[in-house]
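Presented sequentially are two complexes of chain A, the first with chain B as partner and the second with chain C.
And now, the complex of A and B:
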């Protein structure tokens, strides 16, 4: 609760502070704001574990539509860390005014609502608060036709999927008579397979599933995301690929595990098939791309497929696996997009060939690139491996065929993740014009590197927290 | 007591059918039409079909939370339309057209 309030109120202040100043000047305020919000999470965590949170909420918050339990707090922390990385590494903007970072922070508020909702109204408001600033951000380069197209496509697809989501909510409401996810879960568990209400609930769940697959860009509904990622400005793309995707998965996980876990048989088969198809389609399409930016867009579709496995598995295991995976994915994806932004050439559409000529002079940046690529491909000793290992082992008991397909997909993914090494590291022209990296950006890259390596080398860090919480 | 009107004698299923038909008209409009303004109108039609369904369920079950949801949908639909029209104006300035079929720079 405090986190959300701090970010929301602080963003309004930052918008005023940043008027008529270069965007770089508002960066320290944004970082202080995010750090303040992040520092509230341990206190809330302590309250949630001792049960004070429930008491506090019944005392001060009369309508309980948001509830900060352990999963909500953990995903909030991941979202804030991911946005901090984005702000640090993509601070070098020449624009005046703090409106674009302000929109990103408002979007983050929507993401925090999506991690902690207990009512479908709040989930809807969270999704919209997350999406509407992003429509603007995707089209924020007003004279660039590609950015325009990305903005319009994202808007039309987002609004369309929101309408489908609302239809699903209406059917679930008609079937169970409630919008609260806990009471939906209770009446869904008691409901049989026969009757009008059961039919309404069943169709509502399938429509909700379709709309959530739309939001996370999973297989039958993934077609919009490569275009939108490709056309948007780089900072918006990385924000969409990390913060938005993580928030959507936190909401997806919460909705299906809290409300519909008792009737898993109704939706788990379709979701498993969607996950398998997403992994295969994302990875195979990524291999065939010429542009590195588009490859990363398709790889983020494949990552959505892996993350779907967490929604399918048992609540406890699935939550920890998803948490590690999202943290690992955020740290490595932001670093890789940063290097894409710096080394790639936009005029050549970020083609693979354009990388070797301009970049790779900086040793540290190359090291971060290698570690992040290893992490995204799931090579051991990186966080990506720990995340994939936990995801696959949590899903293995029920869906061993799906784990097989996921392993095949990871093997395919190595082909395109390692393709960039050839361009950056082994080109004879490499190392000519080293890009100068500022101290702030060094700090951001180091933070991403530390996150990736610490979880990878020392998974006990997370399992220790896990045993502490479970106790 | 409410006066006896035709609306009291209608079963809930009629409302469900009507909303589903309206929703499907909107959905086919989004999928078939090429004019961005028509697409916006079709999305509004889909949202209003859902509003009707929520209001019908809410009054059928005597539960107010569905009607609460309707207000939120209206507010958000207005915000969305504002942003959508702004994006559309921006696209029109660059292409002098509202045809979404012309936007095909992103491929691969």
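And now, the complex of A and C:
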């Protein structure tokens, strides 16, 4: 609760502080704000662990709409860390006013609500609070046609999927008589137990599944994402690819694991098929792209496919796997997008060839690029491997065919993740160190690198938190 | 444990230390060897696992567990003796030399990890880690226009294999009675039905067959060997493909004994096919590196076939031949690299008559060529003898076919030597720059190894013998159970 309040109130203050000043000036305030919000999480965590650990699943009764339990706190922390990385690495904006970062922070508030809802209405509000600023951000370069296209497309698609989501909510309400996810879970479980099949509930679940697949850009509702990612300004793209996607997954996980896990048989098969198709479509389409930015957009579709496996697995395993995976994905994706922003040429649509002249100028940046790419591809001793391994082994018991497809997908992904090496590292470079990296950006890259490597070497850093706090 | 850390630290140091990098890397590589020798003095070749180091790591069910037995010891000796040689051989490389030697010693660390792992997941992790330095070595220092394609193909090939292995390992680990457990002993004790064993075994075999490479999975190999820089070819052929053979003997056979009666003939036949295929193609090659590459395919096929006989002779012969092949093939690549660095050319039809100008070099080269041809008193002989004997006992027809390797190998090896060193003097060959000290050191060490193990192969058999017998005993027990 504290995190959400701090960020929300702080953002209002920052909006006023930033009037008529270059955007860079408000960066320190933003970082302080985010750090303050992040520092609240351990306290909340401690409360959640010591006070109510035993009632992890049943505690929701006391506070009706939002509840910060362990998964909510953990995903909030990931969201805040990801936004910090975005703000640090993409600080070099010449615009005046703090409206764009303000919109991003408001969007983050929506994300925090999506991680901690216990009521479908709150989830709806969270999705809206997350999305509406994004429609503006996607179209924020008003003179750029592609940005306009991205904004409009995202708005239409987003509004459409939200409407579908509401329809699903209504059906589920009709089927169970409640919007609270625990009560829904209880009545769904009861119905399953006595063998009653509610057409309303079941079709509601499928509609909700469709709208959530839409939000995370998974097959068969992934078509909007490459265009939107490609057209949006880089900072918005990386925000969508990390923060928004992680928030959507946190909500997805919470909704389906808490409310519908007792009737898993009804939806799990279709979700498994969607996950498999997402992995294949994302990876195969990414191989054929000419533009690195579009490749990354398709690769984020593939990552959504892997993350769907967490929703399918057992709650506890799935949660830790998803947590590690999202953290790994956020760290490497932000770093890679930063390098794309620095080294690529926008005029050539970030095509692979346009990277040749400026890459390899900076050893540290190259190192970060290599490690991040390895992490995305799931090479051992990076966080990506830890995440993939946990996802695969948690889903292995029930869906070994899906794990097989996911492994195949990872093998395909090498082809395009390593393609950028060819341009950046292996080409003889004429204009060395074409860009100077500022100290702040060094710090941001170093943070991403440390996250990736430390989780990769020692995932127990994260998975061990649980036992640590109890001691 | 230290065997991994020492070279790893040396590699990290060397990467950032500019012109002293070579010396730091060499020192790290040699001190790892020294540490291994220190361990070796306390090593008791009774077939048990020694020097165990076991700490929980990573996830529940996974441990950082290292231990050494006879089989591992032979491969560790191979890795740590040859890595300094490879570092020495790449002393002359100017372009980004620091990074190159750093990657070589990093590779040494990863390989040591592979040969000591007693945990399935740890084995997988080091198996992948060994792939990364070699990828960069090949891609950054390789020659040829298609180098990126070639290395990418190599990487994807091996990565698919490794992922299949990972799937198999996860499956086995999830079968263990109390939750996920990747420990070697627990993985071995998992009982599978024949169908499961076939699936799991195919996954594992894919990884190893790509690495070795066994016949249908070899197509990445010749191009990669040819276009890789000398150090890359040496690492790949000398040490890395031994990972595949080691994987067969340490992991594949004990993990899926239930299906070995189906898998073993496949390995045997494809090994022998590789022997003949590699040899016939090697005879027709013009590029010296390609000759060596295909000869390596041929030799390794023989080793794999020997392993698949599942007899004590075959396994011991394989271990001896593993070691000797590593030494010989690295020697040959160094010789080719020396010729290439002098004449910027390694096409047999344009070379010739070098022996006139380079008496010392030609002696070194001749010894290495003869050792590859398995002349008695060279290290190639005892291993090949044992292997052929094992295959003969198993299947006379295959024994005869693989016996041809002696003749064919003599043909292509002597052809390699004759066309480059004797005969009409090739274009642009009028003098031979004297061998540099590091080249002499590298060749000298290798030739010393050739002669020592040619005269006294029993040393290696003493080290690995008991472990080999233990493995066979284990297998005959479990294979019997299924029948």
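Criterion: the second predicted complex is superposed on the first by the 443 of 471 C-alpha atoms of A that agree within 3 Å, B and C clash if a C-alpha of one lies under 4 Å from a C-alpha of the other, contacts with A are read in each partner's own complex, and residues count from 1 in each chain.
Going forward, contacts are C-beta pairs under 8 Å (C-beta built on N, C-alpha and C of every residue); 3 or more make two chains touch, one makes a residue touch a chain.
What you are looking at is a predicted structure, and each value in this text was computed from that prediction instead of being measured.
A.B. asks: Should A:438 be classified as contacting the first partner (chain B), the second (chain C), both, or neither?
C.D. replies: Neither partner.
A.B. asks: With both structures superposed, pick whichever of chain B and chain C touches the larger number of chain A residues.
C.D. replies: Of chain B and chain C, the partner in contact with more residues of chain A is B.
A.B. asks: Determine, under the contact definition given at the top, whether A:50 touches first (chain B), second (chain C), both, or neither.
C.D. replies: After superposing on A, A:50 lies clear of both chain B and chain C.
A.B. asks: If we overlay the two complexes on their shared chain A, which of chain B and chain C does A:152 touch? Say first, second, both or neither.
C.D. replies: first
A.B. asks: Mind working out whether A:458 is in touch with chain B, chain C, both or neither, as first, second, both or neither?
C.D. replies: Second partner only, chain C.
A.B. asks: Have a look at where A:397 lands relative to chain B and chain C in the superposition and call it first, second, both or neither.
C.D. replies: So A:397 only meets chain C here.
A.B. asks: Which chain C residues qualify as touching chain A in the complex?
C.D. replies: Going by the criterion above, the answer is residues 57-59, 121, 124-125, 128-129, 132, 139-140, 147-148, 152, 155-156, 159-160, 163-164, 166-167, 170-171, 173-174, 180.
A.B. asks: Considering only the defined contacts, which chain A positions touch chain C in the complex?
C.D. replies: 374, 379-381, 385-386, 389-390, 392-393, 396-397, 400, 403-404, 407-408, 410-411, 414-415, 418, 421-422, 425-426, 458-460, 463
A.B. asks: For the complex, which residues does chain A have touching chain B?
C.D. replies: For this pair, the touching residues of chain A are 120-121, 124-125, 128, 132, 135-136, 139, 142-143, 145-146, 148-153, 155-156, 159-160, 162-164, 166-167, 169-171, 173-174, 177-179, 196, 226-227, 230-231, 289-291, 294.
A.B. asks: Looking at the complex, which residues from chain B come into contact with chain A?
C.D. replies: 13, 16, 19, 23, 26-27, 30, 36, 39, 43, 46-47, 49-50, 53-54, 57, 61, 63, 65-66, 68-69, 72-73, 76, 79-80, 83-84, 86-88, 90-91, 94-95, 100, 103-108
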